[in-house]
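Pasting a structure below so you can have a look.
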Amino acid sequence: MSGIWGNNIKVSIFGESHGNAIGITIDGLPSGFEIDMEKLLFEMERRAPGKNELSTARKEKDLPEILSGYFEGRTTGTPLCAIIRNKDTRSKDYSKLKDYMRPGHADYTGHIRYSGFNDYRGGGHFSGRITAPLVFAGAICKQVLEKEGIYIASHISSIKDIKDDDFNGVNLTREELFNLREEELPLLNKSLEHKIRHKILQAKYEGDSVGGTIECAIIGIKAGLGNPFFDSVESTLAHLIFSVPAVKGIEFGKGFEMTRMFGSEANDEFYYDGDLVKTKTNNNGGILGGITNGMPVIFKVAIKPTASIAKEQNTIDINNKTNVKFRVEGRHDPCIVQRAVPVIEAVAAIGILDLIKGAGQ
Amino acid sequence: MSGIWGNNIKVSIFGESHGNAIGITIDGLPSGFEIDMEKLLFEMERRAPGKNELSTARKEKDLPEILSGYFEGRTTGTPLCAIIRNKDTRSKDYSKLKDYMRPGHADYTGHIRYSGFNDYRGGGHFSGRITAPLVFAGAICKQVLEKEGIYIASHISSIKDIKDDDFNGVNLTREELFNLREEELPLLNKSLEHKIRHKILQAKYEGDSVGGTIECAIIGIKAGLGNPFFDSVESTLAHLIFSVPAVKGIEFGKGFEMTRMFGSEANDEFYYDGDLVKTKTNNNGGILGGITNGMPVIFKVAIKPTASIAKEQNTIDINNKTNVKFRVEGRHDPCIVQRAVPVIEAVAAIGILDLIKGAGQ
Amino acid sequence: MSGIWGNNIKVSIFGESHGNAIGITIDGLPSGFEIDMEKLLFEMERRAPGKNELSTARKEKDLPEILSGYFEGRTTGTPLCAIIRNKDTRSKDYSKLKDYMRPGHADYTGHIRYSGFNDYRGGGHFSGRITAPLVFAGAICKQVLEKEGIYIASHISSIKDIKDDDFNGVNLTREELFNLREEELPLLNKSLEHKIRHKILQAKYEGDSVGGTIECAIIGIKAGLGNPFFDSVESTLAHLIFSVPAVKGIEFGKGFEMTRMFGSEANDEFYYDGDLVKTKTNNNGGILGGITNGMPVIFKVAIKPTASIAKEQNTIDINNKTNVKFRVEGRHDPCIVQRAVPVIEAVAAIGILDLIKGAGQ
Amino acid sequence: MSGIWGNNIKVSIFGESHGNAIGITIDGLPSGFEIDMEKLLFEMERRAPGKNELSTARKEKDLPEILSGYFEGRTTGTPLCAIIRNKDTRSKDYSKLKDYMRPGHADYTGHIRYSGFNDYRGGGHFSGRITAPLVFAGAICKQVLEKEGIYIASHISSIKDIKDDDFNGVNLTREELFNLREEELPLLNKSLEHKIRHKILQAKYEGDSVGGTIECAIIGIKAGLGNPFFDSVESTLAHLIFSVPAVKGIEFGKGFEMTRMFGSEANDEFYYDGDLVKTKTNNNGGILGGITNGMPVIFKVAIKPTASIAKEQNTIDINNKTNVKFRVEGRHDPCIVQRAVPVIEAVAAIGILDLIKGAGQ
C-alpha cells in the first residue's frame, strides 16, 4: 500500500504530475468546521512554485476544487475530497525520462516497482507536485488544531553550510511562530537571508542545487499525547515526514547532538512553575517515552539538494541497457527547502490531529 | 493504540518491567519455518544486561517461552506468542519512582497519559526491558530474511564524541556484517575500542552516562521494495526505530550530511555493472522515492545518553507538587548504545520482512 | 472512520448525492493491467437507474472520469482515482428532508452523527448513489480476478415472498454465471420473471416498495484462501457487504437453514475426485474455519424494501420537534434488489482480491 | 493476517488447543478501570464445557493469568495480556486427525492454508477452545460498557426447528437482559426448555448434533454511533461475529424477514416520546445507514450443528490420498449454541466498545 495513512484522521492521496488531476481525500474531520479558505490558499501559495527566482519558473495554478464533504461553507464530517487539475505541463521536456533514469530521483526505483508501467512524465506519482494535496489537507488540520490552541511553524535551519539559530525550546510564543509563516525564507537570524539567497542563486547559475534543514515547532500540545512503542509522537511524525519527497533525516529536540552530551546534560530537569510542570531545558523536543510532556514539540528535518540539476550527469538508459551522459532539461528549483517548509508543517498537522483525535482513547 | 504494528507481519507487544511477564505475539509468519533457537538466543543475549562492566549489573534470565504458533520445531503460520517471566526485580529500588519523576524518563509523561494508573515500577511498560520481546521477534524475522539472502548488521557509529568510520555504502559483504555481530562493541575502526570503553567507564565512575549513534546496513534487498508516500521504506523503518526507547534521530544514507552537499555531489549516478544496475556512490542509503534501488540500505540512529544516572538531579514530586532533588538509585547502564544494537536490527528486520511480504502486492 | 477499507487493496470512497462529485480511490492494484472499459461501463450500467419501469425514472449519466493511476490504457500501480460528476439533481424535491426524517433512511442517524452538518440533500453521503463508485472499483477488481480464473455472479434469490431456486453449490459453470449478468432480472428459474415483475409494479402503483434476497457465487478460488478468526473470508465479505446500503443480513452456504439440520446432514463430506478434493454437498458455502475449501463460495444477502415510498408516513420534524405526517416526494425505485446485484458482486470482488493479494503472506 | 482486530480497542489472539497456552492481548483499554474478577470468571464459566450433559465432558480449567496491563486491581491502560494454560488434553484421541480431514471442520482448509504445518491436534488454532480468550476480553469490555449504561444479553432464538420468541425490539429492560445471563438455556419462552433439552440429548444419543440461532440485544447505545460505509455498526459486528467458529449467518433486526415485507411495513416510523426520538417498530434492529438510532441494537446469528459427531462419516485421508470412512472419537458437544452465547456477546462487546472509543472522532 502507499497512498493511505492514518488511524483517526485518514488521508488518501492520488495523482501524477502530468495526469488529469492530483488530489486527496480526508476522512475523519470534525463536522461543522468552517474552513477559512483564504488561510488555506495562503498555505498552498507558500508551497507553490514560480513565485521568484529561487524556485522553478513553472506556474502552477493549484486551485483545489472540493468535491465532497463540504456543505454550506462547513465540513460535513464525511470524507472531504479535493482535486487540483494539472495544467502547465510541457510534456516534451520529459520525453527522455522514459529511458534515462535521473540520478537522485525515483525514476529507476519506480520503474522497477511498477514493472515499467508507471507514468514517468515529470516523475509521475513521485513528483514533488503531489505534495500540493498534502498541503491542502494539512492546512485544514492546522486550522482545526489552531482552534484547540495548537500552533505549528518552522524556520529554515540551514541551507547547505549556512546555519540559522535554533528555536528556544523552552520559550516560544505564538507571535514568533506566526511571523515565520509570512517570510519567504523564514529565519530566526534574519541577517542570514542575503547570504542564503546568494548561495541558492550561485548554485542555480552553476546548474547545480542545494539542500538544507528545517526546524519545526509545535506549541500548545498538552502533556500526555502519544503512546509508548508503535504509536509514539516520534513514530507518527517520522512516518509522515518521510513520506515527503527529498527528506533524508529527522531528529527530535537536540537529536544527534544529544548523543554527544552526558546524561546529566541531556536530561531535561522538571520543575513546578506555579502549578505548571515545565522542564529547564528541552533537549528531548517535548517528547519522553513517545509522549508529549507539555513543552514545545520540536524536530529537525534534512532535505537533500534538489535532484534535478542542469549539469551533465552519468546514468543509464534502461531501454537500451547502456550507460549514458545527459542533462535534465526543463526548469528546476535550485533549492526546494523553502517550498518544503509548508509541506513539513502540513504533514505534522495531520499527524498531531490524528493523535489528538485518538486521545479520547 | 500503542502496542500493535504491522501490515503483513503484525507484532503485538505487552508487559511491564515488574509485572508477571513481558512478551510479544507475531502474526503473519510463514508456516513451516524452522527456527534456529541457538541463533535466536544469541540475539537475545546480545541485548541482555549484566554481561560486563559496561552495562548494568542486573541479571536478566531472558529465556522466552513460546506459547503458540510453534509445533514440532517449526512455525505453524498462526500467531506465535512468546513470553519472558520477570524475575530479578528489586522492587524496593524503585519505590520513590511513584512520586519522583526521573528526568529524561517517561515517568511524568506516562503518569499523565494513564492518569496515574500506570505501573511505575522500573519504568513499567516504558522500561527498556520491554525491548527484549522485540529482539525475540526480530531474531525470527532476521532468520526468515537470511533465507531470502537478506542480512542486517550494525556498528557503533559513535559514542559521545568518538566517531567510528562509516560503512562503505557501495560495497558491503556478508562476512563483514557477520563479524560485527560477534563483537561486544562492534566497530569498523577497531582501534577505537579502548578509547570508547574508557569513555563509558569514565562516565560510569562519575555517576553519569553517555549516548551515541548506530549505523545499520541491510544487504540483499532487491530494487523495487517499498512504496511512494506513506509506506516508503524510510517511513516504515523510521516508524519502528522510533518505537525503541532512547532513539531521538534517524537519517538514511548520508542524511543530514547530504544537506551540506551540492546536488551534483549528492545524486548517486547509476551505471551498468554488466547486467546489474548500481550507483557509484550511496548517499541516498539505497532508497529513492521511498523504494529500494538494490544498493545496501543504510541508516544511522541517534541514541541519547542513558537517562538513569547516579548524579543528583532536580525534579518534581508529583504527589506533593514540590520541587525536589534526588538520585536515581539502583544499578544502571552508563551506556546503552551497545545493547541497543540488536534492538535496532530487530525492528529493522520486522519492518523489512513486513514490506517484503507485502511486495507480492 | 468510515470511507476507507482494505488491507492489500484499499478503497477510499467519497461523495454526496447532490455535491460536486462522487468517487473512489483504489490503492494496491497491480501495475500494467489493461482495463476493459466496455466491460467496466457495462457493470456500471447494470446498477444505473432509469433503465425501465422497475426502477426510478431519474437518469444518471454515471460516466466515470479517471484522474490518476491510469496511463496509456493500463493501470500504473499507483492510486487510481475516478470521479462521477453529479448532474440530474432536482434539489427542490429534497427540500423538506432537512427537517423531516424519512423512516427507514439514515436522515435521522446521519443528522445525529454529524451534529446536523451533513449534506441532507438526497440522502447525501448515505445515498444509494454512492454505490456507483463501488461498482466502478469492483468492476476493475472483477477483471483482475477473471484473469486469475475467478468469476463472480449472482441471481435474485427472492423478491418479497417469491423464491427463486438456489445455486447448485457443487457444480457451477462459468457459462451459467456469465448468462446471469446479461439479465435485467437474473433468475435461475426464469419462469418466475413475469410474476416478479408484476409484484414489483404492483408495489409501485400502490406507492409502496418490496425487497428481496440475492444469492452470489464465486467460482475458481483455490482451497486455502482466508484466515482463521478476524480475517476469515466470511468476516471480510460480511464487512464489505454490510457497507452496502439496505443490506440487513448475510448467510454463507445454507446459513440459517443449516441451523435446522443435524450435524450429519450439514457436514459436507470430502472425497477425492481424481486428484481433486471435493465435497459432496456444499452447505458451508465453500468456507470452513474462515478459509476456502475449493468449492464455490456462496452467500445470500437480504435487501430490505426501498425505504423511499410514496405512501404517507408518520415521522418527526427534527427542527420543530414535532410529530408529522408526510410523503417522500420525487421518483423512487419500487425495488432496488436488481440494482443491488452488481453492487454486491462489486464489493465481493474487492474483498476477494484483497484476500488473494494478501495470500502471498 | 488473522489474529488481530480493531481500531480503537485492539485484540490480538493466539493459541492452539493442545499447545502450551492460549491467550489474548487487549490494547486500548481505559486506564484505572477496576475489573470485577468474579463477574469476569462468571462469563468464562458460561462458555466452559463439562458443566452438564448438554456439552462435552471435557473439563477445562480456564483460569486466565493476567500477565500485563493490570496493576493493583486496575487496568494500567497499557496492553493487557492474559493466558490460559492448556491442560486436560488427551492427545491420543486426536492422533488420526493428522491425515483424516473431519467434515465440517477446518482440518482440510487449515492443512492447505498452512501447507501442512498447522498444529492439527484438537483442531489447533481453529479449535472452539480459542474462543475462551475472546470471552475473557469481551467480559472486560462488557464491564466497561456497563459503566456507560450499555448492556448486552442474548437468548437462544432456536435449536434446530424449535423457535423461541423474538425480543421485543422497542421495549427491553436491563432486568430482562440480566436474567437471561443466569440461565443455562436462556429462552424468552421458558416453556420450551424441556423440549429443547430433549432435542439436544436425542441428537447426542444418536451420535449426532444440532445447531440453532442466537438473538442478541444491546441496550443503552445512544443514537449516532457508527459510520456510513465501511465502519458501520453492522460491518463491525458482522466482521467480529464471523470470527466465531461455526457462525454461518447474521441478520440485523428482522433481517431476512424484512425482505418479505412491504416498505410501508418495514420502515420504522419515528415519533417523539417527550423529548426522546423513538421508533414505533424496530425492524431495522436499531441501525439505519450503519448508525445507531437509539433503539435497542438487535441481531440474530446462525450457529451450525457441531461438526464433531460420533456417527460414521466419509472423508479423505490426505496423506494416502484415499477416500475413507471414520468416526470422530473423543467427547463432543451435541450442541454448542448455548456455549456460543457468551462468545457472541463477548465479540459484540469488543466491537461496540471499539466504536464508542472512536466516537470522539
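Worth pointing out:
Should a chain be cited, it is by its letter among A, B, C and D, assigned in written order, with residues numbered from 1 in that chain.
The rule is simple: a contact is a pair of C-beta atoms (placed from the backbone, for glycine too) under 8 Å apart; a residue touches a chain by one contact, two chains touch by 3 or more.
The UniProt protein names, listed by chain, are A, B, C, D = Chorismate synthase.
Not measured: the values here are computed from a predicted model.
Listed candidates were A-B, A-D or B-D; the one reproducing the B-C interface, defined as more than half of contact pairs identical by residue number, is A-D.
With respect to chain D (Chorismate synthase), maximal separation of chain centres occurs for A (centres as means of Cα atoms). Here the CA centre of chain A (Chorismate synthase) is 39 Å from the CA centre of chain C (Chorismate synthase). Taking each chain's centre as the mean of its C-alpha atoms, chain C (Chorismate synthase) lies 26 Å from chain D (Chorismate synthase).
Those residues of chain C (Chorismate synthase) in touch with two or more other chains are numbered 1-4, 7-8, 13, 28, 78, 113, 125, 228, 358, 361. In the complex of the two chains, the chain A (Chorismate synthase) residues touching chain B (Chorismate synthase) come out as 1-5, 7, 13, 101, 103-106, 108-110, 112-113, 125-126, 130, 158, 160-161, 203, 208-213, 223-232, 234-236, 238-243, 245, 247-256, 258-272, 275, 277, 279-280, 283-285, 287-293, 302-309, 311, 313-316, 318, 321-323, 358, 361. Residues of chain D (Chorismate synthase) that touch chain B (Chorismate synthase) in their complex: 1-4, 8, 10, 12-16, 19-23, 25, 27-28, 31-32, 65-71, 74-81, 83, 113-119, 124-125.
If you check the complex, the residues on chain A (Chorismate synthase) that touch chain D (Chorismate synthase) are 7-8, 28, 78, 228, 357-358, 360-361.
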